[in-house]
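Before we start, here is the structure in question, set down as structure tokens.
Just so it is clear, A, B, C and D label the chains in written order, and each chain counts residues from 1 on its own.
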Amino acid sequence: MDFLSDNAAGVHPAVLAALAQAAPACADAYDADPWSRRLKAIVSDLFGRPARVFPVPTGTAANALALAACVPPWGGVVAHTHAHVERDEAGALGFFGHGASLLLVPGAHGKLAIPELDAALARRRADVHQVQPAALTLTNATEAGTTYAPDEVRALARWGHARGLRVHLDGARLANAIVHHGARPADMVAEVDLLSLGCVKTGGMTAEAVVVFAPDLAATLPVRRKRAGLMPSKGRLMAAQILGLLESGAWLETARRANAGAQALADALPAKRRLHPVEANMVFAHLEAHEKAALRAAGFRFHDWEVDGPAAARFVVRWDQEDSAIEALARRFRALP
Amino acid sequence: MDFLSDNAAGVHPAVLAALAQAAPACADAYDADPWSRRLKAIVSDLFGRPARVFPVPTGTAANALALAACVPPWGGVVAHTHAHVERDEAGALGFFGHGASLLLVPGAHGKLAIPELDAALARRRADVHQVQPAALTLTNATEAGTTYAPDEVRALARWGHARGLRVHLDGARLANAIVHHGARPADMVAEVDLLSLGCVKTGGMTAEAVVVFAPDLAATLPVRRKRAGLMPSKGRLMAAQILGLLESGAWLETARRANAGAQALADALPAKRRLHPVEANMVFAHLEAHEKAALRAAGFRFHDWEVDGPAAARFVVRWDQEDSAIEALARRFRALP
Amino acid sequence: MDFLSDNAAGVHPAVLAALAQAAPACADAYDADPWSRRLKAIVSDLFGRPARVFPVPTGTAANALALAACVPPWGGVVAHTHAHVERDEAGALGFFGHGASLLLVPGAHGKLAIPELDAALARRRADVHQVQPAALTLTNATEAGTTYAPDEVRALARWGHARGLRVHLDGARLANAIVHHGARPADMVAEVDLLSLGCVKTGGMTAEAVVVFAPDLAATLPVRRKRAGLMPSKGRLMAAQILGLLESGAWLETARRANAGAQALADALPAKRRLHPVEANMVFAHLEAHEKAALRAAGFRFHDWEVDGPAAARFVVRWDQEDSAIEALARRFRALP
Amino acid sequence: MDFLSDNAAGVHPAVLAALAQAAPACADAYDADPWSRRLKAIVSDLFGRPARVFPVPTGTAANALALAACVPPWGGVVAHTHAHVERDEAGALGFFGHGASLLLVPGAHGKLAIPELDAALARRRADVHQVQPAALTLTNATEAGTTYAPDEVRALARWGHARGLRVHLDGARLANAIVHHGARPADMVAEVDLLSLGCVKTGGMTAEAVVVFAPDLAATLPVRRKRAGLMPSKGRLMAAQILGLLESGAWLETARRANAGAQALADALPAKRRLHPVEANMVFAHLEAHEKAALRAAGFRFHDWEVDGPAAARFVVRWDQEDSAIEALARRFRALP
């Protein structure tokens, strides 16, 4: 009963079907193929704005490539202290960005808020000696399983733009946030400059995408992507993976199912045990060491979550999680004191 | 009738079959899955030595990641003047290698030879002011469609090792070279430290691999790969693509078929028109501008090949090239004066 | 009456005298000269251990070069939240270290302490996805004008070594710390691996130095320094600047004088106004906006100090500060409510 | 009798005098001082165009900083095969330029010529897969001791600009070229975008300068310089070194004297022994191994010069070379068969 991560889930059949359709063709290499063109159209339509779309194999590549296009090597990216770019990407921004830095700002439940952002910037100077903020990155859903509503994204984006920052959204679990808010995708990214479009965690295979809404930011992306070894010759097979999810509607269906599973777990967990509101497909629980050990002995797999302290545990519900596993874990949660 | 490149060919059915088998599973992320383990075993067996295998989406990623593990940022990689790493990877070595340089050496028909290598090194000094060679990269089959025999690879590897260089083989078309020489794969890489194992051009999809034979070179590869956004969470789907090719035997079958097509074209081309020996799946022809134009008007697609001068053209035969296209082009070649 | 910084002070006559002596010679370039050799001997003697010495023009170069030798591009340097490497070096570690990161840890009065260091490390995981700490950097005297005693440096160095970290000391104001503690220089760096030896702020001109005690860390420094354009051909003139300060004793005399001036100011400042203990040549004062304005109107120059809040001001006493300026400022301080 | 290099010469008294004048002051740090402002005015006047001036400690720093401002990390700098940036700067362009490459072009006697430049560019493609040329760097006087006349510089600069390249001049020995042509400094850099202004080899100490004529290129230089640890707090002492040379006229006087010495040697050397025209302060001679050995046994020091083959030797005349040494070497030259 594996609640380690949604990143290990199965691949949705719609993805395989799309691959099977694109595989036999001999199409022009390097994104000059019909699938890549269709992806551009579909994604532009989905988000209600003309977009450039650059498929890449991982979320780390998507985030780092996107942010590198926003900041010079001597610039900084304002990010949450617990953001994926800080904790789980091995310093990829420093690599893609040639030494660009993260400027970390804390915030409750994994969310950035304007008072803390203002305070952080007030402690900085605008001169040649200090790393200058050049971008703001938000994550929706956050690493704490919470979400920003469309209005919150808009307010943060405006805050960033007013200070000359480009605004990036890490949407590794964007589908989960969309589903939670019942929002239109376009409203979730309304004033965002560029997006890491997450697919892998909602049924995808090995394709995520950088989606660029701000035309100027797309200028250097093709060569950055090529030079990073992220531009496959048979690009149609990357595009097809994403088309399979989006055109079939699977992208949101899988998120809806995973969110519902997490909600069932949250309902089962005593309120005082819940470390964060459950708004996506993750539950963070306060569990003592012996309680963790008992769960593991019973066959449940999950991660300790260091940033929330030694008694924190993270349970992620996959889109293809067995109902029986969710119910078994929920029973355990209900039995907690 | 498309002779532009083998990099745009169809995906072999064996790859799709392997994907379909691995897709539904929920397996541990980040290469801790059975497919990744099997890939390591299969590749070690194929090349007759214990190997670490790191799937990556492109040949550019494979080459740059492999070479970055061999040279410090201030080091140099000895390469042929027309190597793919020089001409078609957008300076990826400089990116992955943090400024590491290529030290280019010319050689007839795309091949490096020891006299020219010796001469190039004799013009360099060993001091702190000059980029010091730290690796040698060979390409087999070469960018000129020629090949090194096992003994030639061995001799060059020994030359490099004797000078303290790590030895890398760009095997984007290794299968084509193996088939040409009727050699065992193990003999083709006998004294090589690490290999870019090409799959995409012989029926693969979006997975190539860095294969590391020298254990010390594998030490930094996992973190380099992660940081470059090249380590997919669902790694089993990368491994499966390669397993599909290797376990089915498709990897060599496709190469054999492509080589035969190129040989048919070579036989049809007047000898004085042939720019390089045809030993793999590429034919380089001397064609005047009006001859190129006539071919293109007749529906043939191919690349001009600048490094061989303005009258050079490259024709690549794909594994899934239609016989009719090959025959049509051969007819044209036979008709040339 | 300029209390902006010690980095703008005059050059001590001993430095000019040493330059005049070394200038006319034609000596071997690139540190193969007698002055560079003498510097190595003098510094080794001063710190009681065999050392390699690499003069560089700035403290930023010294810190970044030293730290880059300690951490791989994917590694992290544990540093105080307000350290110079974080706030005043424009992300130089990211540049010299090819994307290496700072891992910031807070601490009272600019000092790192083991409980906070332990807590910070407890929130991190040791895996390929997270930046791994590889070095610890201390600053003595700190950016808050406080100091570590020899025993404190030793304890922190041992803490770092026990966790596999290399230990670096930013000694931009090391002389001030030595003088404050009345310690032997050797005791101030007893278990430190490498040191940025500050000279500019204590009467130097345009030469600081990286001093390497751990022999393995010196291996890559020559080529790193050359490649960064930091290895002057007439290296004897860099060495001579430092020799002038050290051999004359001016290095500590200047620090003693500056510390005494700061102490006089601290004594004059009402205790409740003092933001940090005054242990070197800097005074941090709580001053309301109108109080700052009044001082500035009276001709005093000083920096606001954002990290200590909007009411913070920093006054630095230079080695060549006029007594009259110190006394005038002290009078102002005494008059504060 | 040392003919190794002009980079080890003495420092001209005018430099020391300027330092002595600037040293005692307490002036605003980081180039906000009167000397730095005067340097900007003097250099603008010298070259007849408004210029920004950024002193740096070495020619390597000047070249790499200047070129990094001209090319993106994925761009290329067209340079002579034997240029200093290729052979003597440890790959500094790759470091400062985040992986930017040199695109090497051969040319007789160390000089680039338009036919070879055209041929080199004709072999390249303009696409995302290939490093795109973004700058052209010339060296005057060249590494072969030859020079470009003002008209040649102008023609090459126009060639570059017509192809969208920024044009940089490595002027490590610009004074020698100016003196040789009897040209006005302004004419020597008339259509150049930015210049590495050499001072060290003509009597300077540890200051060269990046001189930027194209205003857009100056935008990122301050932060690039700071981040590279090349922006000294006491910047007035860097400016003063250069002012000392330029304002006193020593900059050209020293070059005139050194050129004359080299001419005397050239006149003494049998014509068939001369590898390159002698137009600056360097003589390249064909000498057999036993002839080199005999000279060395007689106390002459000089470098072998690998790029011109095993029988090549380089003799550099310093501005402060003793007449007796020149005469002694000339006698030896005259005695050669």
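Basically, a residue touches a chain if its C-beta (ideal position, glycine included) is under 8 Å from a C-beta of that chain, and two chains touch if they have at least 3 such contacts.
Please read these numbers as outputs of a predicted model, since none were measured by experiment.
Novice: Spell out the chains that contact chain B while also contacting chain D.
Specialist: A, C
Novice: Which of the two pairs, A-C or B-C, is linked by more C-beta contacts?
Specialist: A-C is joined by more C-beta pairs in contact.
Novice: How much rotation, in degrees rounded to the nearest 5, is required to superimpose chain A onto chain B on the basis of Cα coordinates?
Specialist: Between chain A and chain B the superposing rotation measures out at 180 degrees.
Novice: How many angstrom lie between the centres of chain A and chain B, each centre taken as the mean Cα position?
Specialist: 34
Novice: Measuring from the mean C-alpha position of chain B to the mean C-alpha position of chain C, what distance in angstrom results?
Specialist: The computed centroid separation for chain B versus chain C comes out at 50 Å.
Novice: Using the average of all C-alpha atoms in each chain as its centre, how far is it in Å between chain A and chain C?
Specialist: 41
Novice: Please set out, as single numbers or ranges, the residues of chain C touching at least two other chains.
Specialist: If we look for residues of chain C contacting two or more partner chains, we find 73-74, 89-91, 95, 98-99, 128-129, 223, 226-227, 231.
Novice: Chain D touches which residues of chain C in the complex?
Specialist: 2, 4-5, 7-11, 15-16, 19-20, 23-29, 56-62, 64-65, 89-92, 95-96, 200, 205-206, 223, 226-234, 237-238, 318, 320
Novice: Considering the complex alone, what residue numbers of chain C touch chain A?
Specialist: Checking each residue of chain C against chain A gives 73-74, 76, 87-91, 93-95, 97-102, 104, 122-125, 128-131, 306-307, 310.
Novice: Going by the contact rule set out above, which residues of chain A touch chain D in the complex?
Specialist: Its residues touching chain D are 30, 72-74, 98-99, 128-129, 220, 222-224, 226-227, 231.
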